[in-house]
Amino acid sequence: MIVRSKPGVWDVAFAVNGSILPRIAPHLVAIALISLLAVLAAMEHPGIFARISAIPFTLIGIALSVFMSFRNSACYARWWEGRELWGKLIIACRSFARQTSTLDDDDRRVLLRGLCGFCFGLTARLRGGDELAAIKPWSDGGIASSVPNPTSALLSQIGTHCLILMKRGRIDPIHYAVLEGQLTALSDVQGGCERIASTPVPFAYSLLLHRTALIFCVTLPFALAGSLDWWTLLPVLLVAYTFFGLDALGHELEAPFGLEPNALPLDAMGRAIEREMLSLLGERDLPAPLEPCHNVLM
Amino acid sequence: MIVRSKPGVWDVAFAVNGSILPRIAPHLVAIALISLLAVLAAMEHPGIFARISAIPFTLIGIALSVFMSFRNSACYARWWEGRELWGKLIIACRSFARQTSTLDDDDRRVLLRGLCGFCFGLTARLRGGDELAAIKPWSDGGIASSVPNPTSALLSQIGTHCLILMKRGRIDPIHYAVLEGQLTALSDVQGGCERIASTPVPFAYSLLLHRTALIFCVTLPFALAGSLDWWTLLPVLLVAYTFFGLDALGHELEAPFGLEPNALPLDAMGRAIEREMLSLLGERDLPAPLEPCHNVLM
Amino acid sequence: MIVRSKPGVWDVAFAVNGSILPRIAPHLVAIALISLLAVLAAMEHPGIFARISAIPFTLIGIALSVFMSFRNSACYARWWEGRELWGKLIIACRSFARQTSTLDDDDRRVLLRGLCGFCFGLTARLRGGDELAAIKPWSDGGIASSVPNPTSALLSQIGTHCLILMKRGRIDPIHYAVLEGQLTALSDVQGGCERIASTPVPFAYSLLLHRTALIFCVTLPFALAGSLDWWTLLPVLLVAYTFFGLDALGHELEAPFGLEPNALPLDAMGRAIEREMLSLLGERDLPAPLEPCHNVLM
Amino acid sequence: MIVRSKPGVWDVAFAVNGSILPRIAPHLVAIALISLLAVLAAMEHPGIFARISAIPFTLIGIALSVFMSFRNSACYARWWEGRELWGKLIIACRSFARQTSTLDDDDRRVLLRGLCGFCFGLTARLRGGDELAAIKPWSDGGIASSVPNPTSALLSQIGTHCLILMKRGRIDPIHYAVLEGQLTALSDVQGGCERIASTPVPFAYSLLLHRTALIFCVTLPFALAGSLDWWTLLPVLLVAYTFFGLDALGHELEAPFGLEPNALPLDAMGRAIEREMLSLLGERDLPAPLEPCHNVLM
Amino acid sequence: MIVRSKPGVWDVAFAVNGSILPRIAPHLVAIALISLLAVLAAMEHPGIFARISAIPFTLIGIALSVFMSFRNSACYARWWEGRELWGKLIIACRSFARQTSTLDDDDRRVLLRGLCGFCFGLTARLRGGDELAAIKPWSDGGIASSVPNPTSALLSQIGTHCLILMKRGRIDPIHYAVLEGQLTALSDVQGGCERIASTPVPFAYSLLLHRTALIFCVTLPFALAGSLDWWTLLPVLLVAYTFFGLDALGHELEAPFGLEPNALPLDAMGRAIEREMLSLLGERDLPAPLEPCHNVLM
């Protein structure tokens, strides 16, 4: 996640870090070259270009805006839902910790350390890392490497621990139901994150909008060159910057658990949970919270 | 579901697999022929065509964009809700498995295998397959063929099993309520999926937008031919590609449980549940996860 | 609900059944006549009409599209929420049946038949039918005719039956709470349906959009007649078809429990619940599911 | 709430009652006068007006439509959420009544009459009436006048009554939890209603849109007068009617608990609850349901 | 939060307090100067300016409206969700108080004062204040200064108190579960508020729209100066006022817990909770509710 304050005048003019500009720069250069070509052609054959009307471009441009806005809404909703799920994860961990505050220290240590392992395992799972390695430091029993879903298996271990506490009469059945409610919330989080990570916006959608935006930006200079001469560059680049920029940004937000600058800071949130859980277990020597690096918090 | 990475330059230019292009190709060819006709006619009778103004087309085109965007949002929301329901199914199965981890192996086997049968029965029900055959391998008791809703009947069997466990004192009433909570979640999933599958977007809506888009694309070349000559083809085909493409895509997303390329991968998700359930029952010899075939995951 | 497959080329051209066309035909004829008048007037007095600019119509037309799209979204959301509520009704009935599977046959019969009565009573209530008559065949005790809300009173009887089962120790208090959870879901459904049925989209909204659309379509031919001659008819009728059609469709969806072709199939859903409940009670002689009649499922 | 059937041709042409027209009539008259001025000025100095282009007005008009549509969606969502909250209130009262059907008549009378008092107290609170006076007839114990929130205090009394029933063993703890669930729903309703009533859409938003719409409508005639002469009045008034009408309607819907014609019928809903509760307590002499007066239901 | 009644004619014309105008005044002055420059240049070199077409500006302007509307929706949704969360906080405090009404006075005092401390601690946390100092007057035990999240730790203390009451048999396990349900709601509120406060709308989005709006407003006068002369100022300033105003307003709403005039009145809501809790504890000498100061409620 990019951590910057509200952009000031200076940022608006020159900010590169945190901008989508570097990513779409090649496209913009290509469009600029095509515009130059169009202007030169218009100077050679003014007759042909005078007849090209800008009206169909207005029509296509507006249609493209409407549909691209729809795709951006969908991508932003995925990104924000990802953040909501991790917020729910933080809440469930805190609530579980609060509801186990009168358990024996040993039991509580196993359970809360398990929650930390769940967070780090989920991060590794969502980012394609090594789940077993991420979980290992936090789980005493360990997870067999043949298990198809180690993070879920760890949650199962925590649940079994709670069931055993109930069976031995150490906690009331109602108390078990309350704790299990938080574990179900954690399952919801995992299932929701896997859903977002494994199900992109339909490919045909992205492709259709990509293609339309590309053809639109490539042909626009030919429509304007006849009347605007060298001024053609300005509106064409502004349009290309907006459309390509929103398209690229949509792609980044579509996969909120990745490693791109606009992705969610899973590592930082995992560390925050680790700090809170360890503090509740009485540890004084907490790891430091993660800080953004070059304005990007991972 | 089409499984492809972010489209690169090459894909944008030439990707056919995963594109909506093959489906709307006949329409595009027809529109191209009509455009040719319009251009030829405009060359014959330039007087008539000079008077046709493009302004009413701007108006209709924008109105069409706005309404088509609304229909696309509704169809995409159905598709995404379908995916959310199946995510909920996965979560409920995992939670149910976690909450039964201290039961006898025999009871647990019956229950978890029942969940697998529920998933495959639901898939068959949603895709018009043979529910009874899909359920049979997973259910010991079997389901009578006269039952109107076999998948729901299987869930009922699982619920009755839990009730009996409570009656015999093997599980606490609270524990029963916790388990039944997951079964209710599974009922929610089935009811939600049936709702989406049985209730399309109102037919009159689709028809109205279809007709307007068709008349618009058929008449557009006549409005542009007067001023654009052979260039007419470019904006007309771009508009037709965008409108027909979004319309066709909306139709695919409207029915998210079908067998079209953009439908949800029910088989793959069912297999994932099967693998997790069997692994929890201690089976080592798990079936392999389904892989996409020609970029399509079923 | 109109039950038709995806409209093919033939349907797009000629489908009347399921289309909104018959309903708005008088308006279209009127607009066509006004257009003829405008064209004739423009031929008589070309000077006046040449000065009428189409630009204010573009502005008004786009504003109208945006606001009409908003109203359509609101109406569609009501229709879809109505369907969601009935889906919830089906789910609650199934879950209640599953949770009572170990009760005595007599008790279960009373309860499940009560659920059927609830469905039919709710249908009658929402469609202005005779609630008491619809409930009577399913309720042993009967409902007093002076009761302000018979459907809710029937649900109260079912709830009281459950309370008595708990008081007599036939079911555990937790089991009672689980059953009552489904009855609360049924109350939610009834309350939600009554909310949609009794609270239309604000009248002033519908009136404002109606008026603007009407004035727009009536004046549009005068703006176009000067430049388009007899071609005026085509864009005017296309615009009128789209705006009047969406307006009429919005009105049908606004009241999803009515008897119009696009209303929800309450009868068919009630029959489906009846079939499932009777099957669970062991009845073999189930009523047949309702079939669509002239493509319309009631 | 305005209670009228779907507007027919006659209503569209002449309906005043239930229309937003009376409220914005002064604005429309002012705009008409300004238009006359513009037309007269354009006749005097045709040279100046010929140069004023309508294109910036198209741009501003479309931007204004988009933003006003957004504000209207937000206001309508508030209005509809208000209705949903009152629907939830009705559902919670019915469910609470159902769940107390086996209590002693005296206890039940106190509880259900308390619910009626809660409804009337909430109405008074939301409409700025006298809460204590509204509650008094329904509460035996009475509420001290120094209490900051009498409606919430009444709910607290009902909750305490339930707690005492549990303490005395008259109801099971689970039964208490079920009843308390409905009281929490009633707290949700009160909190939600207070939130809507106390937090308007940000003032700066309304002001910005107001100002832009006003300047737009005041300057539009000057842009059109040059080319349209006396016809200027028609599009200007249509635009002003649409924009001012939607703006005024947004304001009415923004405060759904007020006393304006489009506000929610809190009195009628309170009476409906009163009738159902009294009927369940065995009273035969129920107050009549409220009827709309001049098409307005309060 | 700005507390003003519906803006009247006077407000629309002259209101500064509560308007976004002061904040964007420097931008408007700069745009006005650029417009003057453009007009002067157009008078010097009319030939060049005559060729600049306004059509690309229409296209960009509409695209910008659509995307800015999307960003405004997202920001408003954050602001409104912030308000919903604080509404949930108020509801949970009231419900918790109602559910503890039969506890000993001492226990209840500790618990309800803890809730007040939670509210003030959360306010301090969200506004960057001193959490420990805000909590201290309300918590007997105190919170260690080394704790990473003091507000959450206070909630944990309340939860532990409830657990101990259950362990000592002073409340039933079910009663504990009911109380813990409210504490989980409070955890939800804290987690939700932290999510909104720590996760802004992606920076690249704001930057892209900022830049496009700026370039658009800076170049617009050059497009209009050729045909509008000194009238150029009017549409340019109106467009700049609308776009910059909505942009600035979006920024204020994006961070709903800040100290800007449009932020949510956390202090006033905290005081309202304090008054209700103290009143329930029998205190007569309640602090006065907070009043708006210069139309702004903090």
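Here are a few things to note about the model shown:
Here the chain labels run A, B, C, D and E in written order, and each chain numbers its own residues starting at 1.
Operating definition for what follows: a contact is a pair of C-beta atoms (placed from the backbone, for glycine too) under 8 Å apart; a residue touches a chain by one contact, two chains touch by 3 or more.
As the structure is a prediction and not an experimental result, all values here were calculated from the model.
The angle of the rotation superposing subunit C on subunit D, based on CA atoms and rounded to the nearest 5, is 70 degrees. Subunit C and subunit E have Cα centroids lying 38 Å from one another.
Measuring from the averaged C-alpha position of subunit B to that of subunit C gives a distance of 23 Å. Among the residues of subunit C, those touching two or more other chains are numbered 55, 57-58, 62, 64, 66, 69, 173-174, 177. The sequence of chains round the contact ring, opened at subunit A and continued through subunit B, runs A, B, C, D, E. Of all residues in subunit A, those touching subunit B in their complex are 51-53, 55-60, 62-64, 66-67, 69-70, 74, 146-149, 152, 155-156, 159-160, 163-164, 166-167, 173-174, 176-177, 180, 183-184, 187-188, 190-192, 194-195, 199, 202-208, 210-212, 214-216, 219, 251.
Only residues 1-4, 6-7, 11-12, 15, 18-20, 54-55, 57-58, 61-62, 64-66, 69, 72-73, 76, 79-80, 83-84, 87-88, 90-91, 94-95, 97-99, 101-102, 172-175, 177-178, 181, 224, 227-229, 231, 234-235, 238-239, 241-243, 245-246, 249, 252-253, 261-262, 264, 272, 275-276, 279-280, 284, 286, 289 of subunit B touch subunit A when the two sit together in their complex.
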